[in-house]
């Protein structure tokens, strides 16, 4: 079927009513006012950006738009009609669909099933699956976004980027439910994608605009400006304004987000030459495992070494192996001159290694546990007197770090799962800082999902830690971040270290240089 | 040099980071729910048969409940780390046999020896679970049949009389004339487990392991050791429960405690501990064990006919869990 | 919590993965174990390797296979079901009282069988409802329903053993087709039907999906509650049929007809490769598990292991089998509950 | 019958559990068995009800699901209530469950009669609240049916044995009886023995397996109770060997009697459930109301074997309808079925 034809029909539709309009939306959570009278307009066939700090209420607003959050007050209008959205189905029937911040596919089903899940249509007759039809339906969706994923592949065998494509193919199914052009909501779809995949995604988003409206959320302001027509900014649960992207620069947006002028250089004083402590902190000799081979790497005290590479390059596994979370098959690792015991995470912790995993929700935090307990989980000594836990000591330590990292939480006793993504990440980072014995930090996408301000704080923190002698291995969120933060960049591909690019201040490589090395 | 000076972070002025917040009335009520369920059940039984609410009768209930309390309290730890221990009852049976066999030789030391032996067996199960990565359900199911077989073989498939009753006499006495010693011991077990958890990082370890094992491991929590520890304590408790049973039955038998498995697990769940791990406490299991005991002995004693007794038992345990489980702590009910 | 797979699954080889059809290494373990165990016993005992014994093994496996079929759907969802003893007891007594019997004048024949199965399905439905309405974990609801089922069975039993005289029902256990009793064929049919449900019906696929990532289904606008209830109902129906089969075998309705089948079925399913955490395995896996367990029980008797030791040896072998099966997939940061 | 209770009410009440001090109306009768879901034990409780009705009382029916702990728990709870005129007729789950029941009854002053299970070294005469222990001689019954089986297969051939729950005295004694019978019938060969835990369903599976293992060598099946014998019969039916293999059991449950009548089973031994349910209560009631005194009960009647009958095709009609006979429960008649003391 032809997308263009359909789009052509819709474009000629007369009324210039807004695809979606939100008026004075309010949502309270215990101790937080997540939405405090938000107004928002989404026009037909536009890509609207939504920006705001962590916890500004973006996800909450979007969830209200797909019927997952029941607002306490306010109105939602869809194509000039006031609606009450009670469920995802309700929203889909009104043509609103969302790709969630955390991926939401069923791993053990096929891509095809995931794509049609909940709206199988002709794929299921009287409760009986018709695999051929289902595959065809899914293929149609995949064709729409130009993806060549096999619809019968089991979803968990797909790469992260492919899974994201499946999600987009899936959300487009709402066209089948409503005769109107759909509103597609993408909540931070790029935070886990590589730059090439992001490009593909943007091509799709631009294509979507021809027949749908898109709401796009990202903390990467340059991206937002790149792909959106208009940006609406939220702060503290309120709309603070909107700007057309033409001619806007990230700084403008940032200023609106935080309410004051932000600094341009958020890689904070990355002026320091590689530290003047020439001591080798970490040295890896011919380390091998299932997914990488003969990796050699040195990191000096006070140095930040970025590792870049595509999915499958094995860089995550090197980090996990260093932390004892993945078995190795050969090689040796020395930390500060002493041979490192790679047999388990416990030994790594004791040796002064800290690890921030990429999959925060599953591996980084214990959702129902409090902020305080999450923060002191790894370094129990920070809250203990002798072998005993001292609640006052814990309170002191935790409150100090909550303040220092400006973690937005009602209370240190609040369950961490109630915090916004960015604030959760700060807690996870703080976990390694509460005790003073950290020597090597392994950061796997440490700023994933963080807003520009929080990110800047994390960068500053990393820099300060480095200056005090901590060695850091960084798997950055983007090439820009890797370049901005690292003193040296190591390129990995296919489980091997392929090259090393010095990255001292003043002589930074460009992203293009790195991409050349990577392929 | 490894001490980073506390980095001074820029602090956005708009943030009031720390707000007051404690448990609300609703949350308090949820945590009291097991006790409320217990009281309601007791009230119902007393209405059905006013004689049930006498001091003698209540004393008998708590004395009866002691082994179940100990079994459930121990197994709660395993449940808290997300596993399950199906071997406790069979191990308790085996322990009664061991007690009866060792008593003539070991005398006063037998109690300790049995608890130590049971604990060791539990540690072995725990190690098998964490080293071989077999689900605890399977390890302990296997353990259950192995312990039963061993108990049958070493006891020659029959009960072994305990002639020297002095060794267990202390358990049959009363503290202050009213509180049965066995129950007092059970209380001490519950209290000490709970205090140890509270004042050490162990509580955090258990909770983290139960809610999210991979996150716990990546935070350097000694997940494996915590699990092995939980299995060890669980089995040691089974050993202690066995001693209590011997003190009551004057014999050890290879099947004596076998039927306590489902009541013990039911006690844990009725107390409101999440069977999926993470959320719960040994105190809850204490209350749960009392509820289950009341149901086991109370229903027939107040005259509910056998068939209806089973139907009521089934209905009440489900309703009890519906009341006691704190849904805000357990997101998905499987 | 999202259930996207953990990071280490993410960066698999860059080549576009093809869908896995056919047998994977993970699925090969239990059938392999079955063959090995069978060959070992065949080597040890000449009585074991007779056709008569194979017949016997298949006949013995029939009831367990049907129960396991039912429980598999529940386990696939990540729930657990301990209600088999009660549900089977109730349906066993019910069917014995509904077909021609020595207690009353009923002679409903197949309709009686159907009613018994419906009663069982109703009990299963009750577990499901308690799970989704009261939000009580299935462990507890099914334990409760098992007690309720036993109570109902005891009420119907009323002190006098109901013996059946219904020809058709009684002959199912006795008459043979191609060497196997009709009950065995009933079990084979159940496995087939179960497989088709799992593969081609929305109920089956959703059960599978619920085990994979329940919250994703709600996010996709699927109401999971009805499917959960339906799965427990389906499982109840299977247990009901199993209860009828036991009655047919014994020519009498026993309250204890389902004793021990709860843990036996779970063991069989797990040994076959169905995970207790849900989302993996299936009816065919479970069928292999049932055969494995049955061959084991039979073989131990045939080679003359002392009755005292049989349970223990079986437990040991089951643990070893599962250990061997999970060994290839062992990862360091793997979650085992 | 009511006459005997009238006389006893003359005694004044000490408010204690002193024997003979109870008003017949105050006596509380309790019968406890494993469960009501098997015919034998259900009939037992019905027998107790029949007796209770005869003296204008009600029996409290208790069951414990074959769960030793639950039995103990119920007994403690029961004895924590009013025990002055409490009469208990108990079927202990296993040998080891008897001592604690006895001790507790002794302490609480309740009148206790136990049946079937008792450790050999526990003497009834050491207690005065434990009035009597009644059982059937398992060795004899095991031997009786063993002999009947040997005769049915013509004195020679292979048999298989289905044992009961391995750790019960009954299972052991009965098997000992079989061994005696085997010694007396040297041409009968025990091919195999397995436990089927007194269960019909398990017996079915075990028998099927043993039949395939030993094939046509199996001429007879010895089962330690009728339930297992009935399970074995079904296995024979399934194997198409109905009528070719002799089957014997113990207990005389109705189905077994039917099977004997129609020739598919060879023999069983009666243990009269309804009588057992009534007799225990009757002994307790007689002592509680003063009709009998513990001291007057002969030592031989404190622990005794009750009369049992080998039932074969020729005499099965006599046992077809088990019923309690009120005359059996007259206070001077309660020990009339004794076959002598338990040695």
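We just call them A, B, C and D in the order they show up, numbering each chain from 1.
Note that in this section a contact is a pair of C-beta atoms (placed from the backbone, for glycine too) under 8 Å apart; a residue touches a chain by one contact, two chains touch by 3 or more.
From a predicted model like this one, the values you see are computed outputs, not experimental measurements.
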Chains in simultaneous contact with subunit A and subunit D: B, C
Pair of chains joined by more contacts [C-beta pairs], C-D or B-C: B-C
Approximate Å spacing (C-alpha centroids) for the pair subunit B, subunit C: 29
CA centre of subunit C versus CA centre of subunit D: separation in Å? 36
Separation of mean Cα positions, subunit C and subunit A [Å, integer]: 42
Where subunit A and subunit B are represented by their mean Cα positions, the distance between them in whole Å: 41
At which residue positions does subunit A touch at least two other chains? 325, 344-345, 357, 362-363, 367
Touching two or more other chains - residue numbers and ranges from subunit C: 1, 6, 150, 154, 215, 308, 333
Subunit D residues counted as touching two or more neighbouring chains: 35-36, 166
Each pair of chains that touches is included here, namely A-B, A-C, B-C, B-D, C-D
Subunit D to subunit C touching residues, read off their complex: 35-39, 42-43, 45-46, 163, 166, 193-195, 199-201, 204-206, 208-215, 230-231, 234, 237-238, 240, 253-255, 258
Flag every residue of subunit B that touches subunit A in the complex, lowest number first. 1-12, 14-15, 17-22, 24, 198-201, 203-204, 207-208, 211-212, 214-222, 224, 278-279, 329, 331
Using the touch definition up top, name the residues of subunit A that touch subunit B in the complex. 30-31, 236, 258-259, 277, 301, 323, 325, 344-346, 348-350, 352, 355, 357, 362-369, 373, 376-378, 380, 383-384, 387-389, 399, 402-414, 431, 433, 436-439, 453, 456-457, 460-461, 464-465, 467-470
Help me check something: in the complex, which residues belonging to subunit D touch subunit B? 35-36, 60-63, 65-70, 72-74, 76-82, 94-97, 99-100, 103, 119, 121, 166-167, 169, 172
With touch defined as at the start, can you tell me which subunit B residues reach subunit C in the complex? 82-83, 128-130, 132-139, 141-146, 148-150, 152-153, 157, 213-214, 217-218, 262, 265-266, 269-270, 274-277, 306-315, 317-319, 321-322, 325, 327, 331-334
